[in-house]
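In what follows, chain A forms one complex with chain B and a second complex with chain C.
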Partner chain A sequence: MKRQDLSSISKESKSLFPYLFAFFFGIAFIDSWRRAGIAPLFFFEAQGREHLWKFVRGMFPPELSSQFLSLMLQPALETIQISVMGTLIAVLIGFPLGILATRTFSVSGILNDAEIKGAPARFAARYSIYFCARAVLSLFRSIPEFVWAFMFVRAVGLGPFPGVLAIGVAYGGMLGKVYSEIFEGANERPLEALQSTGANKMQTFCYGWLPQVLPNFVSYTLYRWECAVRASAILGLVGAGGLGQQIEISMRMFNFQEVLTLLAILFMMVAAVDFISAKVRAML
Partner chain B sequence: MIQYQLEQVTKVFPRHQIAVIGLDLEVHKGEKVALIGPSGAGKTTLFRMLNCTLRPSAGKLFIDGEDIERLHGKRLRQMRRRIGTIYQQHNLVPRLRVVHNVLSGKLGQWSTVQSLISLARPKDVALAYDALRRVGIEDKIFARTDELSGGQQQRVAIARVLVQEPEVILADEPVSSVDPSLASAIIKLLLDICESLHKTLLMNLHSVDLALAYFQRVIGIKEGRVLFDLCPDKISDGLLDDLYSGHLPDFQEEKAPDEASRSLVYQ
Partner chain C sequence: MSTGSLQPGGAHIPWPAPESRVGPRAATHVALAGLVALFAWSYYGSNIRLSDLFSYEGGLQIAAYIAKLFPPDLSPAVLQEAMKGTVETFAISFMGTLMAVAIALCVVFFSSRNLIYSGLLYEMEAKEQWRHTLRVLPYLIAKSLLNILRTIPEMVWALIFVFLVGLGPFPGVLALGVHTGGVLGKLFGEVLEDIDPQPVEALQSTGASRLQILFYGIVPQVLPQFISYTLYRWEVNIRVAAVLGFVGAGGLGQRIYIAISLFLENQLLTFIIAIYILVTIVDYLSAYLRRRAI
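Showing the complex of A and B:
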């Protein structure tokens, strides 16, 4: 009898939920449209069309003089360097924190049962490490890399270094979060078997966890590197070096021909990185 | 000498599912014991307590006279090292080569640095080769583990336990994923190994026939309790009927509270 009551209640609440959800979604959508100032008619007004046309026309023909291109070689290389070093720092931050932020590694699940049950002090220690790792990661990634770059430019001055730090910290937070999710997705049964031979957590990690998730791990890291190439272009806008700084200068001089060339260079760099990471993934 | 001594061992899982209730058991060193019973009877949970993966919720569990409640950290790992477990399936790391899966039996004895170096350059290939030869698949030593058939993988798992050189071997349904002819071969192999090296062997078996044919002591487990603990010639068909009777209705009852708790969650 009691069970019937329960199931009827749950059925009722289940059937109400989609309507509520649709209602709030509708409100959010309408409100966002209004507040974000979306104006599709802009494209049909004469003045608007003229502005757009001027902007697009101004980009052609792209600036392809060898003098300009050779001048841009250095910033392009700098962008790649920023992205590589930034991603490296991000991995150095995200990998250890990501491991600690993995629930099945640190606090719960079959791998921790014998270690933690009946040992409250151990449980508290493990849980606080887990919690701190998660907190640091979410702090790092909740502040956008743009804002980090702003702060690091203030702290260490203009140039590529603040860009590297900004990408390292912000992407470290993202990588750590996703790493911990990837690690949690690993099949626990081989890990249980490894641990039952007397292996410690680090050994279990290297023999069981990492081999299982390696393809995911590598391809996500490479994807982040690709994002870092794009991000390092944006970071240039706040003075953190690289191609972005050149885009910003050309924009400010209304030299849209140069802007188009720079965007094309950026596009080719991202495509190249994408190509490389596809090749690496195929090797795994 | 007593290997295992269990006094009123109980294991309750977080959602109040009871897996093992007040289990008393004594296993001597060098003994070979088969455990049978319907699925969901708590045999696997019992094995996980016996190899120190899970900790009993209540009761006392002594391994070689040591109370496992006191074991943490390094001493817990040292105890685990002395117990080798062969699992049903899916317990090898598929992307690693066979040699690493076999040598992972040594992890308890290697330092972390040593085991890392071994991943790049296998530390003790001869040892792994010997173990694989005993189970008859030494030619697969450098193959990737996920390229092997189910039966071959099971033998890799046995080779891992051989490398581990434990005092006790726990085999949790080691033959449920291999064909019947191979099943008795694997059981015989394990019995031989334990006989020649004087190791204790506990084996969960799905097949009653295999248990009765190869073991001198057979324990029937039902609903987390010991139903009988006898030598095979004293086990009557009536006892076996008791062991497996009511198995299906049980299963449905198990589901009912689960559904109720789920609807509570959704409220």
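Showing the complex of A and C:
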């Protein structure tokens, strides 16, 4: 017995994997290097040095005139508003879809075992709902929020609204997936206990399931909100409001002093949001 | 109640929680009211026009746009372009992630408190102020460098690098590398500050030098998590690399930008499908590598 174990171990250590990995890694590295046009010494050459110097020197001193700052207050607040509204829409999309995309809720598990036993048609109907919910979530989150934003800018025009929709849809997909994972990780025993008292599905859900997962939900949603603030700050690059639009304008006008100020504002905003979110999470 | 168990993937939450029997407190009401106020303020500020979406005309417009996307343009020229964009996106994310790992590994050993100035390794050292300062200084510099790299979003880095080096995939690589370098530096740092001190202590008691402790006591402990985080960031980066082209940094994003700008909806769908395939492949690849490596 022991001999066999040893031999299987030594066989595994002789597997081809490391060689194959090294081979493919090497090919990917060489090809990517060529395709991406890597120029490692660019910033040591005359042109690169000149550009870098122009940029760094151009940033100082940062633009701190009260006129500019008061002008930037509105986009900064708009960024927060976009992130809050976007996250709210994401929850509204992600929560119902996430529930439907939970296998233990829609298809199998304690809640459904009795119902689907010997009823293939019902099983098929349930399974197709589950599958559709998963497919929609996967579609929502695999298209990057930037592409969503650009498409919504085309559909509803410039301004913060397309940004809200883009974050809502893309983050709805991510939240839905994570919600369903949290749901599936829930302890089944309380559900069983409730069911055996004769509670219906809705009651089991509200009293057995929700209280278990709520802290995790809130915590993850807050984390996504932090991400949404970062995202909404840059969605403006494609015309969806917020600070990003200002950053792009200043960058295109080679106004690096303004860029530095805007980056500092962004830095402070993100830090503040992280702080608030951490405080709320600690209170949970 | 402040518990660490609320993080996703954390310890299991006891159920039912003992405080769940207590009714809602005044603070809860205040927090809820604040939340509602925040939503109202955001609603008006972000100029939401739900009627645009849910009215009859709005629905028609959206349906018309979706109908225009189909069928995807599968002519050889577009497919070739999509292929080229996909491979370029892969290349950007791959090189960017490698650059990020290089940056993170260079900085992270200075930005971990237990490796640079405090804890087990430095307990026995004579308390000399200048020596302590000399160690804390690189720590602070490394930490703030990582913070700056991390807080500036990839897209803004891409804008900056497009100005510095010109259009093309190279600024995309730099943007990803610099931003992700900051993120990985922070994540790696957390792993390093969280190591089990016992192997380090054991090695130290045999008289191993600090460099030997690093290589035989610390690196083997943290390597699996380093690999795991790197793969995770690669999955994120492939998604970012797909849109970096919006600001002129190559890859599929550039093609998508052109397709949307010129109202070539059929091509747009082809490129979106290409993103979907690429992202799925990379996710599988990353999951496979994670299984094999850890």
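One rule holds for everything that comes next: the second predicted complex is superposed on the first by the 233 of 284 C-alpha atoms of A that agree within 3 Å, B and C clash if a C-alpha of one lies under 4 Å from a C-alpha of the other, contacts with A are read in each partner's own complex, and residues count from 1 in each chain.
The definition used in the following text is that contacts are C-beta pairs under 8 Å (C-beta built on N, C-alpha and C of every residue); 3 or more make two chains touch, one makes a residue touch a chain.
Predicted model only: the values in this text are computed from it and were never measured.
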- First, second, both or neither for A:P211, with chain B first and chain C second: both
- Counting only touches as set out at the top, which of chain B and chain C does A:P96 meet: first, second, both, neither? neither
- Task: Go through the superposed model and pick first if A:P62 touches only chain B, second if only chain C, both, or neither.
- Result: neither
- Message: Under the stated touch criterion, which partner chain does A:D113 make contact with: chain B (first), chain C (second), both, or neither?
- Response: first
- Task: For A:I80, decide between first (touching chain B), second (touching chain C), both and neither.
- Result: second
- Comparing chain B and chain C in the superposed model, the one touching more of chain A is C
- Task: Have a look at where A:G198 lands relative to chain B and chain C in the superposition and call it first, second, both or neither.
- Result: first
- For A:P144, is the partner it touches chain B (first), chain C (second), both, or none of the two (neither)? second
- Message: With both complexes overlaid on chain A, does A:N187 touch chain B (first), chain C (second), both or neither?
- Response: both
- Share the list of chain A residues that count as touching for chain B in one structure and for chain C in the other. 187, 190, 211-212
- Message: Residue numbers of chain B touching chain A in their complex, please.
- Response: 48, 51-55, 57, 68-69, 71-73, 76-85, 87, 90-96, 100, 104-110, 112, 115-116, 119, 157, 160, 164, 256, 259-260, 263-264, 266-267
- Note on the structure: Interface with chain A, chain C side, in the complex: residues 1-2, 6-8, 12-13, 15-17, 20, 38-39, 41-43, 45-49, 52-53, 61-62, 65, 87-88, 90-92, 94-95, 98, 151-153, 155-156, 159-160, 163-165, 168-170, 172-173, 239-240, 242-243, 246-247, 250, 253, 256-257, 260, 272, 275-276, 279-280, 289, 292
- chain C partner contacts - residues on chain A that touch it in the complex: 17, 21, 28-29, 31-33, 35-39, 42-43, 48, 51-52, 55, 77-78, 80-82, 84-85, 88, 142-144, 146-147, 150-151, 154-156, 159-161, 163-165, 178, 182, 187, 190, 211-212, 215-216, 219-220, 230, 233-234, 237-238, 241, 244, 247-248, 251, 254, 259, 263, 266-267, 270-271, 281-284
- Flag every residue of chain A that touches chain B in the complex, lowest number first. 3, 6-7, 9-10, 13-14, 110-111, 113-115, 117-119, 122, 187, 189-190, 192-200, 202-204, 206-208, 211-212, 214
